[in-house]
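Take a look at the structures listed below.
Look at the two complexes coming up: chain A is in both, with chain B in one and chain C in the other.
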Partner chain A sequence: MTYPVELRNVSFYYSAGTPIQVAALKNINLKIGRGELVGIIGHTGSGKSTLISHFNGLLRPSEGSVIIDGEDLGNDKETLRAARFKVGLCFQYPEAQLFEETVAGDIAFGPKNMKLPNDEIQSRVLKAAEFVGLRPELLDKSPFDLSGGEKRRAAIAGVMAMEPEVLVLDEPAAGLDPGGKNEILAMITEYRKRTGCTAVLVSHSMEDIANIADRVIVMNGGTIAMDGTVNEIFSRSAELKNMGLNVPEITRIFIRLRELGYDVPTDVYSVEKGAEILREIIGRRSPL
Partner chain B sequence: MREKLIELNNVTFTYEADEDGTPGYTAVRDVSLDIYKGEFVAVLGHNGSGKSTLAKMMNAIYEPTEGTVTVNGILVDSEEKGDEIRRIVGMVFQNPDNQIVATIVEDDVAFGPENLGVEPSEIRRRVDEALKTVGMYELREREPHKLSGGQKQRVAIAGVLAMQTQGIILDEPTAMLDPTGREEVLKTIIRLNREIGITVVLITHFMDEAVQADRVVVMDKGEIIADGTPREIFARGEFLREHSLDVPQSTELCRRLGFEECILTPAECVEKISSVLGGAAQ
Partner chain C sequence: MIRDITFGQYYPGKSVLHRMDPRMKLVLTFAMIVAVFICHNFYALALMVVFAVSAVLLSRVPLRMILKSIKPILIILAFTAVLNIFYTKGGATYFEWWKISVTEKGVNTAIFTVIRIIVLVVISSLLTYTTTPTMLTDAIERLLSPLKIFHIKVHTLAMMMTLALRFIPTLIEEIERIMNAQKARGADLESGGLIHRAKALVPIFIPLMVSSFRRAYELAFAMTCRCYTGGNGRTRMKQMKLRAADFIALLLCLAVIAGIIVLNIFFTRII
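Let's look at the complex of A and B:
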């Protein structure tokens, strides 16, 4: 059985072989299944970005192997090149990396590198722009004329236009207002519904991860400290706190109520569900 | 009578058109706002609403195109006044990696007062005090690049404190931080305001930070569209969502449960729910 992304005993050292060698990843074993939406959380410096940079060969492991779609990236240039297109990586604050003369040019950058025919490139640019909600008249503008939110969309469209099998997004909603953030998250959900692609989302927002992910990976000190469902991970509130993380605000409320002796569940990750449970309990105890 | 620290009178700011054809636009339109001494004011608004431009005028980084800005009674009417203004209100920015200049934490904090020509013994005293206030004294000999994001932001805040400013403006200081970093920085900001009486203007996209303020100002398309206590503002969930904002999860939960008062924090929420359940625990 092959996985879109598989890491076997991967370690990565910065300044390898020097006295200041630092292990950023330590013996990581990881399999990401087809169609999964994996959320990655971890404090700053826990190894999240180093980890995802291995998914498309941007960083090569110091030890161990990275296997993309059954192909060991090894040192074969062609396999490595193919991985760049199979795994689309969108970094934090990607708008800082827009550099073409027009928005269309920026979105076309990936597909051009894939050496697709021109008409295919054109159609992908239009499709991706429409998908992220960029009006067609913006496509001929300079990326610098776009608003912050529009630039972010253009950068994400550039990755989507490669139609990768795995979409990897590092903090796609950081710095956006709540409305903009919700739009980006809805966009990712919709994109997966349409394409069935595998997705990896790195975020500091426990609320967003709880909302959107099927599976959560917790990075700590360059290792995978936890790996499980939203429920399995966020039920370990005290351990998460020790790793500089947290659980969603709504979950904290239910944990506290439970501590106070109320018979409520603590696996509550959305306000909707929380309200439903409490309405039921309040209705039972006191006819309001 | 409450004294004003920052006064904006009918302030407009227009970015000029670029040579390469980028059109100019008005980021802040006819805004009047007074920030009082000792206040903690949160500024909310969608991306591009003019929050950062407004903040930069409060700190004399920008001069208004129209209208006047007065800081502690000093009218900001020339670039030369910038240094004087920044001794009264300091600023902390979003990216922790862009604002640290020195290679040792305490040198970074000393940078501002050194530039002012403060006596070395006085610098020492101010640096130590500022680092203790933000909880970074133990790490004063560290190299800044080895610190976490939250620690770096606290060093940046200490740098402002060492200037002995009366006010501090923070432009999304926690946007790039992990949950613990956010919590550390928010706690530090609250302490500066409540224990030392420093005036705080906090620009943020996090509603759970804004609820800690005395007053919340909401911007939209360059204008102030609401100004009130957190309880007044967050009672208007529908209005906020229309302007690309939101309310904290605690507030939304209590609204859905039909509670009349506006609840702001998880602690208030838990208290309210237990009172409704009437000590029915166990």
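Let's look at the complex of A and C:
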């Protein structure tokens, strides 16, 4: 069985071969299954961004190998280029990559590089724009006239329009207000539901990931510290704390309640669910 | 990676040279560069070499750093030496073949010029090794401030220089980020002919311009918010003050220059 993304014993050093060599990744073994939504969390500098830059061959491992869709990314230029389109990488603050005269032109940049026929490009642009919720009249505007949230959507649409098998998003909601954040996250869930693609979501916010990811990978100091379901990971909150990470606030409240002797579940990741459970408990008690 | 290029070459330290007033260092460096050029014989040049070597020792900048600054000019040195050996004629002939001859004067001039260039480079790189770029621009601002009477905005120019230096690493990082983002969308930056490559730079250049302008506006706002109104009436956190060490350095340099002049007069000119 092949995996969309597989890393075998991958290590990566910055400034390799110099006295200031820094190991950013240490012997990473990782398999991402088809259709999975994987959340990668870690503290700043834990190697998250370095890790995902290996998925599409932007960075080549110092040691080990990266296998995309069963094909080893050697140093062959063509395989590397193909990987760029199979794994769509959307970096942090992607609005910095907008450059075309129109929004539509910018979204079309990726598909154009794939050398697709024009009508195919057109339909993909419209599809991607609709997906991220950009109104059609915005498509002919200059991307620099859009609002911050719209720019972010346009940039993400630029990656989605390549229709990659694996969609990798680095902090897609960074710097957005809670409303914009939720919309972006809902959009990603919806996109995955509709296309069935594999998705990787990088974040340092547990809240974002807890609600949508099937599987969580915790990075720490260039290694994979934990790998499991959301429940498994959050049950190790003490270890997470040592890595400078924290479980969502609402989950912390429930863990503490449990410690105080209340019979409550600890796999609560959203305030709504938490409120519901609390209401139930309070309702059970007869008023004095 | 582009990030590996270091800008400026300040070597942190606490030596006398590091602590000297940057204005004095700048002026003395210029004076000593002139001094190197007025040397006309090996005795005067030897005095300069002694000066340069003692300055290096005083600065405590490791020898390999000094050698690193000479490395880029090795080709120029070799070129100068060869030209001088073959084209300067005079004195005894050491070697002759067909139209090529090597004479005493040629060899002397070649050695002299090479030493002169090395001393020049060592002295000027000592300035940048012991002074941060910010301190240097500050010193330039102070030294040029008399130009204010000609309505030249010295402070503004110096501020622009400082900001430009400050933002070079930031821009390099930004370029790298944008390049990666466009490569992730399949931009091909490496292959194709000249025109294709120039076109491929558009997706990198435009976002860079946009973000640079944005940064400039933000910086201007931030400076305005902190009541920046230009140089007038502005005080400094780091006051530049001439201390005893600066005057001693001045005297030493004057002594060296005087010595060079005396040696120039007493010994025959060879260049």
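Just so it is clear, the second predicted complex is superposed on the first by the 286 of 288 C-alpha atoms of A that agree within 3 Å, B and C clash if a C-alpha of one lies under 4 Å from a C-alpha of the other, contacts with A are read in each partner's own complex, and residues count from 1 in each chain.
The rule we apply is simple: contacts are C-beta pairs under 8 Å (C-beta built on N, C-alpha and C of every residue); 3 or more make two chains touch, one makes a residue touch a chain.
Small disclaimer: the values here were computed from a predicted structure and weren't measured.
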item	value
Which superposed partner A:Gly110 touches (first chain B, second chain C, both, neither)	second
Which superposed partner A:Phe144 touches (first chain B, second chain C, both, neither)	both
Contacts of A:Gly261 with chain B and chain C, given as first, second, both or neither	first
Partner, of chain C and chain B, that touches more residues belonging to chain A	B
Touched partner set for A:Val271, first chain B, second chain C, both or neither	first
Which of chain B and chain C A:Gln97 touches, first, second, both or neither	second
Contact residues common to both interfaces of chain A (with chain B and with chain C)	144
Parts of chain C lying in touch with chain A, wherever the complex brings them together	1, 4, 174, 177-178, 180-188, 191, 202-204, 206-207, 210-211
Sites on chain B touched by chain A in the complex	20, 22-23, 45-49, 94, 148-150, 172, 175-182, 205, 207-208, 241, 243-246, 248-250, 252-253, 256-258, 266, 269-270, 273-274, 276-278, 280-282
Chain B-facing residues of chain A, complex	42-45, 142, 144-145, 147-149, 174-181, 204, 206-207, 244-246, 248-250, 252-253, 256-257, 260-262, 271-272, 274-275, 278-279, 281-282, 285-286, 288
Residue ranges of chain A in contact with chain C within the complex	14-15, 18, 53, 56, 58, 77, 81, 84-85, 88-91, 94, 96-99, 109-110, 113-114, 144, 158-159, 162
